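Each of the next two complexes has subunit A plus one more chain, namely subunit B in the first and subunit C in the second.
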Partner chain A sequence: MREKLIYGTGVFAAALLVYNLYVMLMNLPDEAAQGAVYRIIFFHVPAAWSFMIGALAAMVASILFLVRKDFKYDAFAAATTEVILVFGAINLITGMIWARYAWGIWWAWDARLTSMLISWLMYGGYLMLREALDEPTQRARFAAVLSILTFPGVIVTWNAIKWWRTQHPGPVLSIQGNKNGMDADMQNTLYLNFLAILLFTGILIAVRMRQEILRRELDGLRREAHSI
Partner chain B sequence: MDTRNFTYMFYGFAVAWLVVVLYVLTLVSRERKLREEMRRLKSMIETGDRR
Partner chain C sequence: MKDLRSEIRGKETINASLSFSIVILLLFSFAFDPDSEQIQAMAGGLLWLVFAFAGALVINRSFARDLPNDCLDALIASPISAAALFFGKAVANFVLLLTIELVSLPVFGLFYNVNWTRQFWSLMLVVVLATWGLSVVGTIFSAMTVNMRLRELMLPMLVYPIMIPCLMAAIQLSAALIAGRPVGEADLIWLKLLAGFDVIYTALALTLVDNLLVG
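After this line comes the complex of A and B, so read on.
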């Protein structure tokens, strides 16, 4: 049943992605000032939102692990963190490509870009910490604390364009309070692509979490094999 | 249409898809290794139990 749900969601997300690509490339006009390159936003922003929602979920799971000592929360936090690193990388790289065209430079050390890079590196550190510790309970406890301590950086990243004047563009969506920002059709495509990418994120987390549970079973089998 | 402009859009799209595809391939490869080790350990334990 779980497998069918994963495959079904995958097919739906893939179909939605294909539909969105068609709309992006065939239906939507070029942006007046930027031309075709603005379409990068349809992947750049949903990838960032997936990163941030995943970071929130990993933090909640980490708190639940520390409270309940149930390793399924640790597995969820580990799986989610690895997957959101992928979407964080997509956000950073697509942003750099857009910046190279729009600003003439690949990178600017402004508040939004820098805080996002630091958050991404911290979650990379979370995975390295997990690899460095062998004892499962210690690994889960230390990783949970690091995940909780890292999350405020994501809040700073989210609010950086409101708190500081940044090189990064300010809010362009109507849900962010900008009524004269992006065209409504473009916004709808952005939300639909966010839905597709969020579903895809969920599928990857489910697959990765299954591997984390499998790895724990393997640890048990290894101990059993050593005792023979 | 400005071709340079279109080229950067293509790079952005290509990177987004490429990163996801590489990660999915990593997941598939890791799953295969985990299942293989699981099978190997189970057969090792079964053989040990029979002795």
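After this line comes the complex of A and C, so read on.
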């Protein structure tokens, strides 16, 4: 059942992604000021959302682990962190490509870019910490603590465009009403692609989490075999 | 508090970190022209990089000092809470780091011919706030990495990215203050960031340290 659910969602996400690509490339016109390259936003922004939502989920799972001591949450946090690192990288790379056209440079040291890079590096540190610890209980506890300590960095990234004057474009979408400057068709595509990428993120996390749980079981069996 | 006493008797960490920070100050003079006017603008960045490096030495020793003879296990087993143990170590690191900074500042002023006392009390406020931030984050990571393979490598790897908001704020504010500008409207965001960093990480560290030491 679980398998079917995962693969079913996967097919749906893939279909949605193909449909979105079709709309982006065939239906939507070039943006007035930026030309064709604006289409990067349909991946850049959803990837950032996936990163931040995933970071929040990893932190919540870490807190739950510390409270309940259930390794399910540890597996979830580890899987999520790994997956969101990929989406963080997509976000950074697409952003750099866009910046090359819009600003003429690959990288500008402004608050949003820098804080995003820092957050990304911190979650990389999380994975390194997991690698450096062998004892599973200790690894889970320490990783959970690190995940909680890391999350404020994501909040800074989220608010960076509000707190500092940056080159980064302001929020294109806003939850509070229709005060954003985006065309309705483009906005719909952005939301649909957000859904597709978020589903995709969820599937990757589910698959990765299963691996993590299996790895733990395997590790337990190996230890048992050693003790005999 | 026992950390401070053993440090006063042994003086190993503080001597090493102090000479280390002075060596770094010396090295920076080769990186760019030490007589130029630009030094005023770069002073904040320079100083806090030195403090961050010296701080890494201090916090590296913080828990590792108790490793020989299983002192750390004895401390954890003793009838004080992990939060109290952590707080004591954080305060000890804070005092050590502050001492290093207060010695390095005049040395820096001498070497680079910078008059840094123009906004003395505001600067001290920034130094105290930022040093507390560095100490508390450093100490919690020291507790995390103490039993780890590659401790000396993992600690700075993990701790510097987390410290960046604190360091950034300290650098911006100190650069302005050393140049003689009082804290204005534009710098307020940095001061808020610095204070927020201290509050958030002190609270988080005190809540979470139990999971690192006792489990």
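Following the convention adopted for this analysis, the second predicted complex is superposed on the first by the 222 of 228 C-alpha atoms of A that agree within 3 Å, B and C clash if a C-alpha of one lies under 4 Å from a C-alpha of the other, contacts with A are read in each partner's own complex, and residues count from 1 in each chain.
In this text, contacts are C-beta pairs under 8 Å (C-beta built on N, C-alpha and C of every residue); 3 or more make two chains touch, one makes a residue touch a chain.
All figures in this text were calculated on a predicted structure; none of them were measured in a lab.
With both structures placed on the common chain, the touch criterion links A:86 to subunit B but leaves subunit C unconnected. The larger set of touched subunit A residues comes from B, when the choice is between subunit B and subunit C.
Within the superposed three-chain model, A:60 lies out of touch with both subunit B and subunit C [touch as defined at top]. In the superposed pair of complexes, A:148 makes contact with subunit C only, with no contact to subunit B. Applying the stated contact rule after C-alpha superposition, one finds that A:195 touches neither subunit B nor subunit C. Once the two complexes are laid over each other on the shared chain, residue contacts for A:94 go to subunit B alone; subunit C is not touched.
Of the two partner chains placed by superposition, only subunit C is touched by A:129; subunit B is not.
In the superposed model, A:213 makes contact with neither subunit B nor subunit C.
In the superposition on chain A, A:156 contacts subunit C only, with no contact to subunit B. Subunit B contributes residues 1-2, 4-6, 8-9, 11-13, 15-16, 19-20, 23-24, 27, 30-31, 34-35, 37-38, 41-42, 44-45, 48-49 to its touches with subunit A in the complex.
Note for the complex: subunit A touches subunit B at residues 30, 34-37, 39-40, 43-44, 47, 83, 86, 89-90, 93-94, 97-98, 100-101, 200, 204, 207-208, 211, 214-215, 217-218, 221-222, 224-225, 228. The residues of subunit C lying in touch with subunit A in their complex are 137, 140, 144, 148-150, 154, 157-158, 161-162, 164-165, 189, 193, 197, 200-201, 204-205, 208, 211-212, 215.
Residues 66, 118, 121-122, 125, 128-129, 132-133, 137-138, 141-142, 144-146, 148-150, 152-153, 156, 163-164 of subunit A are the ones touching subunit C in the complex.
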